[in-house]
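Next come two complexes built around chain A: one with chain B, the other with chain C.
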Partner chain A sequence: MPPPQLPVRPEELEFFAEEELIQIVPNCSVPNKYIEGILDRYGPFEPNRVVEVPTWLALQLHKRNKARILLPAWLTSDSLDEAIERERGSPDSFSAQPYHYMELACLLLEHAKDAFTGSDDYFKVRNKLAQLVNVRRHKMEEGLRQISGTATVRVNGLGGYELNLIRNNFQGALDMFLKLEAVEAAVSAPLVSATGTFSSMS
Partner chain B sequence: MAELHERYFDPISLLSEDAMVPCEFHHAIRHLGRVLEPTSTSEDLRKDTRAELPLWLAKSLTERGITRMDAPAVYGEWMQRQVDAGANTVSLKQTPYFYTVGMQCAATRGDSSVAGFLRKAFAERSAKLLTGSLKAPDGAALAAVTSKLNEEEKRLYEAGRQGAAAQEQWWAAGGHTALLLNSNAANKAGVCGVKRRRTTTEAAGDKENLV
Partner chain C sequence: MDPNDSSQRDQSGQPSTSGMHHEYATQDGSLDMGCSDFELLKRALLNERMAPEILQYKEELVERVKAGLKRQETEIDAMEGQRDYELVRQVLSYEQDRVRFLLKAYLRARLEKIEQSAGSMLDTEALRERLSKQERSYASSFFVAMGRYMKSSVLNDLPPNYQSLVKRYEGEAEKRLLDTPDEAKYVFARVLDDCGQVPDGPDGQTAELRRGDTMAIKYTTVKALVEAGQVCLL
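Then we have the complex of A and B:
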């Protein structure tokens, strides 16, 4: 079996993250109200009406000063606080975050600084995000330490970057355990029928 | 069938089949005495001689009933006691294909104690393996972790490192998420105007380290 490869690299993940929808408020109008893309049509663009577009388009419009980006609901200071509390409170599972939360948050932090105003101050949000990321990373490390056999591991709620971190580890270790336990089972099977007792695997 | 395929092409399986395994012949072998047992005095091997054969040969002969295969000494009592005492301190560098060879031996001989022992050893060692991979350990810690690993474990470790290494590379090359790494440091520098060294107690009190 070849060594496990990373199917998606971090730079690719960041590219895919830009497809996520985000809300903006345009300050100009567009002829025909819609922007025609290759696959899809984005809009309707009317001044001061909220519209949902993919992030790449939002950033382009923002760069040209044609729209103002609104912070997504999960990136506000309060919801990050809540998320951190939830993470700290449940050592066994991860609170659900959007799959691309890390990439999207950083894209916005870097390119759309004026989206962070008022109570969602730029530095506050950045620090809280860093905290959240750290808490989750520590939880992942704890989980990794506890693998000692084939078991189903709950990784729902992890984002793309985080999955990349542990994907190879998990796959490699669990595959190895699978092989070892298969040999153990194959070898103990005659014992089961002979003595009628089940040889425990733990 | 997939397993056969895996064994055919995988370098670890190929190399592991070269490991020598002690065997005892059930039948006499004519004319191959010197080939199989270099120190034998005659051309033919008598019945019940013990010889060390490579794993690939030993397995195939055992399946045909010509020899009886024993587990190499490395899976015996002494090693089992060492592993019970502390699996992480045992250096497997001498047996680069410990697990693969062990699995083959156990499967051919139907030996359940060896199989269970392998699994326990791997379970303990893998815990140590995995924790080093999310954050890059520096010099001394790295040496401490990898000095006791054999080829199979090293491969696992490196595959695991790939995940974190790819991310670190991307962040070093200027990927956006590098912000997450630098936020605290940049914040303090911005506020105080001067970067000062933070003491360990300060760092311990930092919220992010209070997890």
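Then we have the complex of A and C:
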């Protein structure tokens, strides 16, 4: 049987990630300084003035050579080092990362290579990101091994990409336990009412 | 890492009780305040995708977005040909495409659910209320067309007592063939607002839902909170 489809596809996650704000330095200006969109007013766009815009807008401007993208604070080489330290230091929980960190990092690594300059060199950042992703993935796998029944689990700090990775396995296992519990309840109930006292089945 | 490095749209302010928690994304804004329509529509879409049953139609939100799209159409057409506005026009069309995609995805997710259980939706007053007018008429025509197809291909060839679309046999009290979605499943939920202790199990177990938590939790536990907008599904 083919594995069940994911309700949110990776392309859709990327679509949502593109709405996140990122800082750019435009090298042009627009009439009226702002762009009035349906959802929001973007700007002010003035040459050499830092402004925060959604990532889709940043990438479009970057593609047309109208702006330079600044690396977000959580994607610098130092931040990633700290994040890796924190991950290794806390085996039971995940360090907080932006929900769309994976999608945003991939978008920038692919389309905005010139944002990675100086000490946040492209290859360095990419390697550290890979390390971080690995450490987190091992933690997730550990956690999955420990599922032994239905439970409400707090999974703070996981990003959309990671939820998708474990979704089928994690939710599937928990759903299965839920079904089994329902069967167990249905089977042991008649015994209780018939005898009037509790007698366990096992 | 600066915990509040996102922007003017971030409503978070207070850190939660656990020291490790930082609000990064603007998309963590609580409830409906200060949230863009994109965020609201996105949440509506994800809630629909993850919930087993159909949720209340967000009429106001959809109408607002449709009006915005239409307004933008005229704006963009007006900019056609003006060289100064070329960049602005491109940016606005791109944004328009994004919003249109999101709106369509929301409406399509609902239509898929309707197609899966049109019969039971038309039959149950409570579920019928959650559909928009167009969705209701879509559900009826879909059910009728499906029914016509079933009858002509299979049902009319069965013995007379077994030809019903909704009952397993004539004289059955309930309409057992109508599919109702199974609510016993787990979902990933993000808590947008402190909900305190929420009843979570048959033996009076409760779960604590604090703002900013991401939980793997039974759908039935958070159903009412999703409707109220205090929790959204991921």
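To be clear about the criterion, the second predicted complex is superposed on the first by the 176 of 202 C-alpha atoms of A that agree within 3 Å, B and C clash if a C-alpha of one lies under 4 Å from a C-alpha of the other, contacts with A are read in each partner's own complex, and residues count from 1 in each chain.
Operating definition for what follows: a contact is a pair of C-beta atoms (placed from the backbone, for glycine too) under 8 Å apart; a residue touches a chain by one contact, two chains touch by 3 or more.
Just so you know, these numbers come straight off a predicted model, no measurement behind them.
Asks: For A:Ala186 in the superposed arrangement: first (chain B), second (chain C), both or neither?
Replies: Touch status of A:Ala186: first partner only.
Asks: Would you sort A:Val155 into first (chain B), second (chain C), both or neither based on which partner it touches?
Replies: Second partner only.
Asks: Touching A:Val133, do we find chain B (first), chain C (second), both, or neither?
Replies: First partner only.
Asks: Touch test for A:Arg64: chain B only (first), chain C only (second), both, or neither?
Replies: In the superposed model, A:Arg64 contacts chain C only, not chain B.
Asks: Using the superposition on chain A described above, determine whether A:Asn168 touches chain B (first), chain C (second), both, or neither.
Replies: first
Asks: Can A:Trp56 be said to touch chain B (first), chain C (second), both, or neither?
Replies: A:Trp56 sits against chain C, while chain B stays out of touch.
Asks: When the two structures are overlaid on chain A, which partner does A:Pro10 contact: first (chain B), second (chain C), both, or neither?
Replies: first
Asks: What residues on chain A does chain C touch that chain B touches too?
Replies: 167, 171, 179
Asks: Along chain C, where are the residues that touch chain A in the complex?
Replies: Those in contact with chain A are residues 1-2, 5-9, 18, 20-22, 24-28, 36-39, 42, 46, 49-50, 65, 68-69, 71-72, 75, 84-85, 87-88, 90-92, 94-96, 98-99, 101-102, 105, 184-188, 200, 207, 212-218, 221, 234.
Asks: Residue numbers of chain A touching chain B in their complex, please.
Replies: Per the stated touch rule, the residues are 1-6, 9-11, 14, 88, 102-103, 106-107, 109-110, 123, 126-127, 129-131, 133-135, 137-138, 140-141, 144-149, 161, 164-169, 171-173, 176-177, 179-181, 183-184, 186-188, 190-191, 199, 201.
Asks: Give every residue of chain B touching chain A within the complex, in rising order.
Replies: Of all residues in chain B, those touching chain A are 6, 10, 99, 103, 106-107, 110-112, 115-116, 118-119, 122-124, 126-127, 129-131, 133-134, 152, 155-156, 158-160, 162-164, 166-167, 169-171, 175-180, 183-184, 187, 207-208, 211.
Asks: Which part of chain A faces chain C closely enough to touch in the complex?
Replies: That would be residues 7-8, 12, 15-16, 18-21, 28, 30-31, 35-40, 42, 52, 56-57, 60, 64, 66, 72-74, 79, 82-83, 86, 90, 93, 95-100, 150, 152-158, 160, 163, 167, 170-171, 174-175, 178-179, 182 of chain A.
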